[in-house]
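Note sheet for the following structure.
Letters are used for the chains, namely A, B, C and D, taken in the order the chains are written, and counting of residues starts over at 1 for each.
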């Protein structure tokens, strides 16, 4: 039984890790931290878990926590992970970081979009944790950079087409829409029910921090540098991201052929499903599960490929993918503990 | 492996049975019926299940279906079950009926609130499937009447207090609020998003058909006939029922004592949780799970007991409870296949 | 043109006052205060008002503001109004207070439920601003205590029946459900979209501060002291309160007769509508308007009267009612500037 | 007082016309039709209007209705208007058609996307009712084709940039998101609360019928033929459309310059508001009002213009715009009866 620490356990991704890991047959959370809730039981903060866990939030220092675990999930804000990760690594533990701190390979790009990096020396060994692209590298790493939620939906949505050189790399536009849990559990006016319900807006136009992460991976797939327009929006729902992706086709191809190409690319993937040609996915089909569902069409009138991909931002977009990565890193069955039947209606 | 038939599988309770049973280690759905979707695969109607089941809706006659299953769930409208149940029973199969047809012991009461009964002879052997009250009887029956969603929340909310003779039986008021999935998947104006979102109303004041079912069971618990005011309301959310229940206390007792009484009563129950004295449950803590959460308080100013109970109407209020009953009837572990960690946020 | 000051203008009730008064033909907001947004234009905080107002939030002291207005609305937390009201009164201005500070006639009751009162000497002259009951007194007052949102829905729902001595005063139960805007615009975890959407809970069981206000007015109507059970709940919607009210009947009466009694009682009221016998109101029918809609039924089985009343908590339950009161105090047409056609769907 | 007929008054656009016109000082609805609700009062179908209108739905033939009105609004499905419009025109009445039947100037394009046209001879005299572009033509017409909701948001969002030849016409992508009221009030599974809430999906990818209408007007503005990618999506909210529009810039220009250009273009428009450079609009700022709010940015990294425009689909996207057109056609003040202060929160 693998012993886990959740470092930063009071936000939605930390809680989601705890919730999902309750059903994991091969791993067990032994500690969960929170400054605000230190001394309070997890079930008190999160009554849905009443009767199912004895965990109590702790504020113990990372050095102490590292002694009693095999692997730590860092569910911290950007900038905080880079301070904590080295402590666990030094203690010989594996680290899965859910922040952006180790996702960007070029530290100058990271620093342009985020802040000065305090542990840049670790970046070269960090593995970008998208199992569909980096399964082999994930297996051997001790420092895993878990992908962002938006990037997961966009990269999975474009990977087969870019690898096959179908697309004009200068033409990619990703119009993404996310549920509110992506904004975290910190109280702020913009996340209040009265501000969100009945509303819809673009979150950040032309400059969201997930842009360099997406471009890094898409460039890799395309085999040449690629710049995208990426616009995230805020949906009045709790969980889920839907990305609608547009790109010019450089080859003539039919919708059926693209669907077949995607189906082939993801054939052995346990958590990617391709819709039938002409069908498109709904967030409600993946909410509560670790699936990414993808639909494709070729718009003959404009010669564009249009891809729609959906994930649950807290599961495949964060905590579920982190567990999938843990399973791979630890040699467990990859789907262990991961939900396949979401909640609908 | 127990072979199951879901008879009436296109509504929300039928779908929920199918969804939950995918995760059941000891039972397997072998057939699922729908007139409208005959020939269509379950995953096409319900894309959340894509890749997880090969089931195709059938319109085969019940006689044929009975040959290949051990137990049937009837997820049919009231009045339809009484026609189908005898066919499966005659074939030697067990029946779990999710309609009201076999819940009311006094056929004249049933006929006053519903319609003429076509299989009244079967009523005496039907067992009311609330495991917390009738576990022993459930074990031996071949015809189980699965409780209504509102009744489940009200009866579990009052059982300990009524059994202990704490309450004036003439004083019980149950003010219940249900999510929209309780209205089913049939298209009707009142269930449209634009009619429901941002709205809230009483569903039926002073005459809802669940009243006699609730009164039958509460009278039983109280040991004397009991008439209640029961008002259901329609919440702008998908899943969940919350019942706020009021009754005059006939004995002096503190909130802590009532909480202790409830905790004792449900001590060994796998799916009932009692909140700490002074705490009250939220629908979001049980949505997606088979739990019933209950909070109690004694209002000293008015000498009333106030109970708040919550369930997921599709799980503990319907399909989950049906599976719990199946587990008991078949000698399986009672919690098999039943979700404990719901979905929050 | 009456010159108005909105003191405390950044919360939902302050904003709603500003929004509604834009359409008022006989009054004009000349100043609006906010500590947090001082110097920021109202339209920047509240983009729905862009292009419609030049107002800029100010943090000027009340003494200065009093010089340039005829009447002030205090949209402040309980406890703050009692400090500010005397300043405006001393300057010879009229005060409409939307907090609870001047609603409770018995200062010891106020202090038991709230806090020490700093301006108790003003209480005797304050008028409780429910036009349907106190129109004459409102006309002449300089200090108006605008009713609470829950109390408005409960008192209007019971007034005709209590005045007619139909009810057992010991038997009244009010089960109320409110939208989230009632919790204000202060960021707090419990008001976040992810906490509210898909959830429903009792807000405070057996001890909400609106209880003494409701009891004061109901006792008045009944002509004898009356204690109630009042349970507020939190609905996953933005605007609206629905109260379901139960009481034992002391006289024999039919649903039709009660409906006629209510219709007669409110015959000349511009903002109360009585549903046809057997019909019940929906929050969506009053959201965005100043109406209170009421439905009644006599439950013969239990000999109870059941009343359902709905209001928009921000309009008839707060800012709209405050404007209605201003109109009366200033001799303007009572319905001036008040919305009748809400927003549906 | 202009006498109006609403032909097709039971859907959301027909109801919205009735609701808005209650507040119109210069026009009055004298008849409203519905096959389903003939003989039922409008207020019974739509309780929010109780006490405010005596209108009763009628099923009278159009010839009879034409005798008593000056102007008719046709709120009918596509294909039905073309049958009814000629009857009113022949009787000498003006017609405002909210369907697509007279929007497309090239009948062969209409017939390719919709169906055979039964009144093609009328098309040349029909005026496309976007006041911001065709105010002069609207003034003199007797047959007005009221724009579609999606087209209104996209065309207003692009008009200034296209007129100024800023954009590569082959590069336009409109990613639109609409509330559910756009799907109408006909009961269908896809519009049920349980299907919509918590979900989000593309509605039709690469082939929505609003495409030719958008292309017709954008081509006009650009002065050359233009083909777009247009993807509508279904938001879990009742009212509102947000369109995110992308196009390659052909000239170098800054965000501030584009904002100034837009501000100049719409300077005298009563119902278009331009956000400050770098700010973007929220559906909740226009819901309940006739405004179109627009935000713009220049994405230097990709050399694209990104425009975000929002409207209330039932008001500026349908019934409000129809009334704005009626005001122009009848020489009334253009903003008469049109709401400016929507409902927020």
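Going forward, a contact is a pair of C-beta atoms (placed from the backbone, for glycine too) under 8 Å apart; a residue touches a chain by one contact, two chains touch by 3 or more.
Keep in mind that what you see is a predicted model, and the values were worked out from it rather than measured.
Listed by label, the chains that touch subunit C and also subunit D are A, B.
The chain pair with the larger count of C-beta pairs in contact, out of A-C and A-D, is A-D. Using the average of C-alpha coordinates as each chain's centre, A ends up farthest from subunit C. In terms of their C-alpha centroids, the spacing between subunit A and subunit B amounts to 37 Å. Subunit A and subunit C have Cα centroids separated by 45 Å. If each chain is reduced to the centroid of its CA atoms, subunit A and subunit D end up 38 Å from each other. For subunit B, residues that reach two or more other chains under the stated contact definition are 12, 181, 194-195, 197-198, 236-239, 281-282, 284, 287, 345. On the subunit B side of its complex with subunit A, the touching residues are 12, 19-20, 22-23, 46-52, 181, 198, 238-239, 273, 275, 281-282, 284-289, 293, 340-345.
Taken together, the subunit A residues at the contact with subunit D in this complex read 170, 173, 175, 177, 194-195, 197-202, 205-206, 227-229, 231, 233, 235-240, 242, 244, 246, 280-284, 287, 295, 297-299, 301-302, 304, 306, 308, 310, 345.
By the touch criterion given at the top, residues 12, 180-181, 185, 187-189, 191-198, 236-238 of subunit C touch subunit A in their complex.
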